[in-house]
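Below is one structure, written out as structure tokens; the observations come after it.
Labels A, B, C, D, E and F are assigned to the chains in the order they are written; within every chain, residues are numbered from 1.
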Amino acid sequence: MAMLHTVNKSPFERNTLDSCMRHALPGSAILLIEDGVVAATKGTAVEGKVKEKMGDVSFFVLGPDLAARGLGEDKLIDGISVVDYNGFVELTTKYDNVQSWL
Amino acid sequence: MAMLHTVNKSPFERNTLDSCMRHALPGSAILLIEDGVVAATKGTAVEGKVKEKMGDVSFFVLGPDLAARGLGEDKLIDGISVVDYNGFVELTTKYDNVQSWL
Amino acid sequence: MKFGIMVNEGPYTHEASDTAYHFTKAALEAGHEIFRVFFYHDGVNNATRYTVPPQDDRNIQVRWSELAEKHNLDLVVCIAAAQRRGILDENEAKRQGKDGDNIAPGFRISGLGQLIEAGIQCDRLVVFGD
Amino acid sequence: MKFGIMVNEGPYTHEASDTAYHFTKAALEAGHEIFRVFFYHDGVNNATRYTVPPQDDRNIQVRWSELAEKHNLDLVVCIAAAQRRGILDENEAKRQGKDGDNIAPGFRISGLGQLIEAGIQCDRLVVFGD
Amino acid sequence: MSDVKKFLYVNRKAPYGTIYALESLEVVLIGAAFEQDVALAFLDDGVYQLTKDQNTDGIEMKNFSPTYSALGDYDIRKIYVEKESLEERGLTIDDLQHLTYEDEDDDWAEKDSIQVVTAKELAEIMDQSDVILSF
Amino acid sequence: MSDVKKFLYVNRKAPYGTIYALESLEVVLIGAAFEQDVALAFLDDGVYQLTKDQNTDGIEMKNFSPTYSALGDYDIRKIYVEKESLEERGLTIDDLQHLTYEDEDDDWAEKDSIQVVTAKELAEIMDQSDVILSF
């Protein structure tokens, strides 16, 4: 199976993204939503970890949450795809299952 | 002035204790309460950081919260003092001010 | 596809209820079925009709109630979680000897079995929380 | 000493209200004055009389109401935060056109100025939250 | 869809500081009546939920830790605890409650419910689950 | 006790994901009427509260970021942003709103409200405050 993981917390505040990345198998995907979107930006202290995991796992980020936080798409790490709520729904159907990292 | 800092979150889940320790001046105190009490135990991945800060800052832990989580006082890092709610009140009067790290 | 939605946080304080709402709406627009929206933990607080948000902000409860009416959604509030947090319907108010109730239109109070059933019946159970 | 207490989270979900209660009780027992307890953010949810916690658990609302009665405490619920979360007294219910209210005995609804005043008047303002 | 689904309850939070652990357990107990394939995972601060000797007298909350030892009676046999999470917290299996079930296929022998698994093993378990409830 | 107390509002959380940032701002605005000595600190994820170009149309929440630029009119002149927090997040002062106030003691000259401070400097500011409200 291939899982869609969602992460809604900032990697600077919580261990959620770390724990998710430790358990996301190759071929799965991680969708960053809500405060979690900040992990998708360039030049941060977690950029290296995210890029390393991108070899195995696809990263997506929820556009409306990015825009709310004033983070333009020009600030994104290359290779992370932006989706809207329709895209979020599509991802849940495309992958075999969904796991919310709360 | 000498500040009493309170930390109520686990250092494994959040950055609260890290941020508190980065801002606690020598002579101040850190009181671990609620889920924060786990930082007072021995053999953890954060023990080193806590011990290092203990050179500058006094550490206290709320006993009722420790007991609730099944963490006996034998598990505590040496030099961390256990207080009850009366002791918590006393600390807030003994130090010049209180800062809650939320 | 058949979706179950779980909402674990209250309105305004956490974005969870907002994200769940936008997801649910998008799923309906894409032609999917929403089998049930289950409100648990502080999520039950989405179901009070007593909220009065600022006029220049969204009304989270009304939005859910309207979506439920439009699409005949099943909005279920967990009874055990609701009791701890003061969400009552008329029956519960009577049963508990309370002098009023506060549940909003389109929500119903029921048991945790409704969540498990959603897990069994749905192709995807998507959880929104803190 | 004169203490102000601020409670920022709702009952049961977070330990904040419990810790604030035990702290307040201990301060009173030690002879200190509690100038005011101010409920903000989800903390306003401590003030609903509609809760029905399990019989083998503590009743957080009743505990605050009883402590207030015994020590003549001033329990203030922030009006703006209360409106967002559905906590109403009789006046507010009338003003907002709501058909009932849910505030518990010993709590009163007022503005944020009451928090600032506590900060100014008290020797210590102790904040409990998430 | 098969008749029985694999339910996985993922517990990542410490008890008492927040209500998630208690209300997760309430779902597990209700869910046990539905005859699904149920497993519980404890990782990150969730491992603190299973510690021995919890005493909540001081904080005056209900001590719900004895309920974990009743899970065997509800035929819940698969309780996974993550090795890395224990180690990070300076805990060993001996710090946790000893949870057991009686195996009807083995003359009702008492067997351990808890299995300590690595993050890698837990990832596979998550991957094989049909319904994941996160608390 | 002096007539005027030093109030410090400590903001450590990102906006929109939780309500703390918005409700903190509501306290600041009310508190401004009390003629105390007010300062705001933004550290950790709190620095995201001040980013430019926030657009909440997609999430349909109220965009409260324009309110920060009104703080000068409320005579709030001390806005401290932590350097280390910006750096950890790959942000610079140019990613933040330009907040100003008019200095009545200097012929109403427009001056910057935001001061970028180190963690060490912020620790001193915290230490010198009389009332610390954390959000």
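FYI, a contact is a pair of C-beta atoms (placed from the backbone, for glycine too) under 8 Å apart; a residue touches a chain by one contact, two chains touch by 3 or more.
The structure displayed is predicted, hence computed values, not measured ones.
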item	value
Fewest touching-chain hops separating chain D from chain F	1
Centroid-based (C-alpha) most distant chain relative to chain C	B
Centroid-based (C-alpha) most distant chain relative to chain F	E
Chain A and chain F: spacing of chain centres that average the CA atoms, whole Å	29
Cα-centroid distance, chain C relative to chain F, in whole angstrom	35
Distance from the mean Cα position of chain B to that of chain A, given in whole angstrom	33
Euclidean distance of C-alpha centroids - chain B vs chain D, Å	26
Two or more partner chains touched - positions in chain C	12-13, 15, 22, 41, 54, 80, 84, 125, 127, 129
Residues of chain B touching at least two other chains	8, 12-13, 15, 34-35, 64-65, 84, 97-98, 100, 102
Multi-chain contact residues (two or more partners), chain E	16-20, 44, 59, 61, 132, 134
Touch-based graph of the chains, sorted into line, ring, star, complete or other	other
Which chain pairs touch, all of them	A-B, A-C, A-E, A-F, B-D, B-E, B-F, C-D, C-E, C-F, D-E, D-F
Residue ranges of chain C in contact with chain A within the complex	1, 3, 8, 15-16, 19, 22-23, 25-27, 29-30, 32, 124-130
Footprint of chain C on chain D - complex, ascending	10-13, 41-42, 45, 48-54, 61, 80, 83-88, 93, 96, 98, 100-102
Parts of chain E lying in touch with chain C, wherever the complex brings them together	5, 7, 19-20, 23, 26-27, 30-31, 33-34, 36, 131-134
List of chain E residues in touch with chain B within their complex	13-18, 44-45, 48, 51-59, 61, 63, 65, 87-90, 95
Residue ranges of chain C touching chain E (in the complex, touch as defined)	6, 40-41, 80-81, 84, 111-113, 115-117, 119-120, 125, 127, 129
